[in-house]
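Below you'll find a set of structures to go through.
Next come two complexes built around chain A: one with chain B, the other with chain C.
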Partner chain A sequence: MGREVAGSCLDGVVMEMVSAYCGRFYAAKPELAAGRIEAIGFQVGHQLSERYTMDRPRFTDHLEAIKFICKDFWSELFKKQIDNLKTNHRGTFVLQDNCFPWLTHVSLDPSMESTDATESDPALLGDTAAQTTSMLLYFPCGIIRGALTNLGIPCAVSADMSNLPACSFVVRIKT
Partner chain B sequence: MPPLTPPKSGDALFSSVERVNAELFTLTYGAIVRQLLTDLEEVEEVNKQLDQMGYNIGTRLVDEFLAKSNVSRCVDFKETADTIAKLGFKMFLGVTATVTNWDAEGTTCSFVLEDNPLVDFVELPDTCQGLQYCNVLSGVIRGALEMVSMKTEVTWVRDMLRGDDAYEMRVKLTKQVPEEYPYKDDD
Partner chain C sequence: MASTACFVIVSKNDIPIYDAEVGSAPKKEDQAYQHQFILHAALDVVQDLAWTTNAMSLKSVDRFNELVVSVYVTAGHTRFMLLHDTRTEDGIKSFFQEVHELYIKIFLNPLYLPGSRITSSHFDTKVRALARKYL
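And then the complex of A and B:
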């Protein structure tokens, strides 16, 4: 195991990033905020995947690359593997984490939300916790897309959190 | 009454918290800074946002620190600074800072970091001249101290990303409200 820092440092910067983009910068334009959060994730995933595959032979097919994401890559990031992988064999993969760490650890501090939201539209504050969670998930989606793109697999990634704290990432490979 | 358990050592604290891959943390912070530079255009505004993020993080980390460290009331700013350097930095970043360059009044000092996980793999391009890359750290210190009733101003005086031999932030205590420090009565 390499160098480590306290989990609260990572949780802190991720939450502040989400809160800055959704609250301070693009409060009225959630789709813009989502795009930026995804882009930040993409860059992280791209760089990490580059680092973690340096000494490996190239993957010969999509499934092999996806399995790498589910096992080695996920273990490096979260100290656990993806719990369940499904595919329709036509380019769609569903990666399920039964207890995604960022959904169980990242608690939403209401005071933080209210201070950041002072200038935003009150209508947007309705379901803040659920909204912030769905915004947060653009980050790991970006990480997965960045990692796969670095492996030569262009794709779209979305998250399904209908089963909290389980979370499924749906990868659709572009052909 | 706070429990009379002795404070934990920095190493014991760091091993007691949940830890994550530092690469993920460092690259995430780097990607945030890069995106902010793209979106905000003005470097000064990026510095401000990084400081604000740090401040917000600091106001929350201080609770976790007080809950886990068994540290009780520090007698003065000097002891507070030592506690942050030896226990605070260690608990969260796994490194210790040195406290130095005290002024005569005992209200201004420096934290010096020779090893800073925030900047692993970072190189600043020439276009980022005015960027205070580590502003999140100074923001954390400011936010955390404000929660224990110490108003501070924190500025960077040395930065290895700009060719200095270490990271040094200057912390100036500007106002202290002693009666609220460090515990509020929960009743």
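And then the complex of A and C:
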């Protein structure tokens, strides 16, 4: 089970998928695009979690499963671990990644954004860019949700990107 | 050496997604039903045992006359259950591990809906070959 592909190809595929769903398939309906991207991530996470848990013992509780996501799963996907994990011990976990690999090539510089400068408004451009970036983040949210669901933990995952390239994923376990 | 063995894969929603008679003994129709019945009845025992340990291989969980049920549970709570007679104890763990690898290959197929029946004849052939090798 081991062929190798350049990491940049994977980054390119992910970016193109997000832009295809946002720009071409569901151009006027960002909620549908977000849902589809998250669903793709869900299936990917579902399948990958089965594969990466193959050689290790099963999990005894939620914290063990989340720690697996932070350490082994994340290092298989991005060759690094989650930098910070916080929990309120009541079913909410915050996974913080200080340099998320898929965001390193995303810049939110409004001056380079659009070519028609007539009606461009910096705040509006900032919004569009932020919206596109948040679309990109739906994919890893789906991956985390799929992986946890396969391990038997139904949850809801959202992303917070107040300062790029750091981003944090908030996992709320449904009880 | 003739041996009876029946192998079933049960998904985490308790739906059997694959079953096969893999023993080398001559097959009798009513015995096949009985084997499946024994395996399904053992699911309750597996459910309890699965939470007591974090190992994957639960070894033998139930007996019926001379037949023993061995179970292997994956992290996604999919159960591989094997009904066999007591002569064939040794190769079972390796059998389960190799079937686990085959199962993961099926699972990674994007066109496979998790929890649906495994209909691939390739998978079937390989499982039977593994059974001949290890059991």
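Everything below uses one rule, namely that the second predicted complex is superposed on the first by the 148 of 175 C-alpha atoms of A that agree within 3 Å, B and C clash if a C-alpha of one lies under 4 Å from a C-alpha of the other, contacts with A are read in each partner's own complex, and residues count from 1 in each chain.
Everything below uses one rule, namely that a contact is a pair of C-beta atoms (placed from the backbone, for glycine too) under 8 Å apart; a residue touches a chain by one contact, two chains touch by 3 or more.
All of these numbers come straight from a predicted model, not from anything done at the bench.
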| item | value |
| --- | --- |
| Partner chain in contact with A:V94 - chain B first, chain C second, else both or neither | neither |
| Partner chain(s) touched by A:Q47 [first = chain B, second = chain C, both, neither] | both |
| Contacts of A:R36 with chain B and chain C, given as first, second, both or neither | first |
| Larger contact residue set on chain A - chain B or chain C | B |
| Contacts of A:L85 with chain B and chain C, given as first, second, both or neither | neither |
| Contacts of A:G12 with chain B and chain C, given as first, second, both or neither | first |
| First (chain B), second (chain C), both or neither touched by A:I173 | neither |
| Which superposed partner A:L77 touches (first chain B, second chain C, both, neither) | first |
| Partner chain(s) touched by A:P57 [first = chain B, second = chain C, both, neither] | second |
| Partner chain(s) touched by A:F25 [first = chain B, second = chain C, both, neither] | first |
| Footprint overlap on chain A, where chain B in one structure and chain C in the other make contact | 43, 47, 51 |
| Residues of chain B defined as touching chain A within the complex | 14, 17-25, 27-29, 31-32, 34-35, 39, 49, 52-53, 56-57, 60-61, 64, 91-94, 117, 120, 136 |
| Residues of chain A touching chain C in the complex | 1, 43, 46-47, 49-51, 53-54, 56-60, 150-152 |
| Sites on chain A touched by chain B in the complex | 2-10, 12-14, 16-17, 19-20, 24-25, 36, 39-41, 43-44, 47-48, 51, 76-77, 105, 109, 112, 115-116 |
| Partner chain A, residues of chain C touching it in the complex | 12, 54-56, 73-77, 100-101, 104-105, 107-108, 110, 114 |
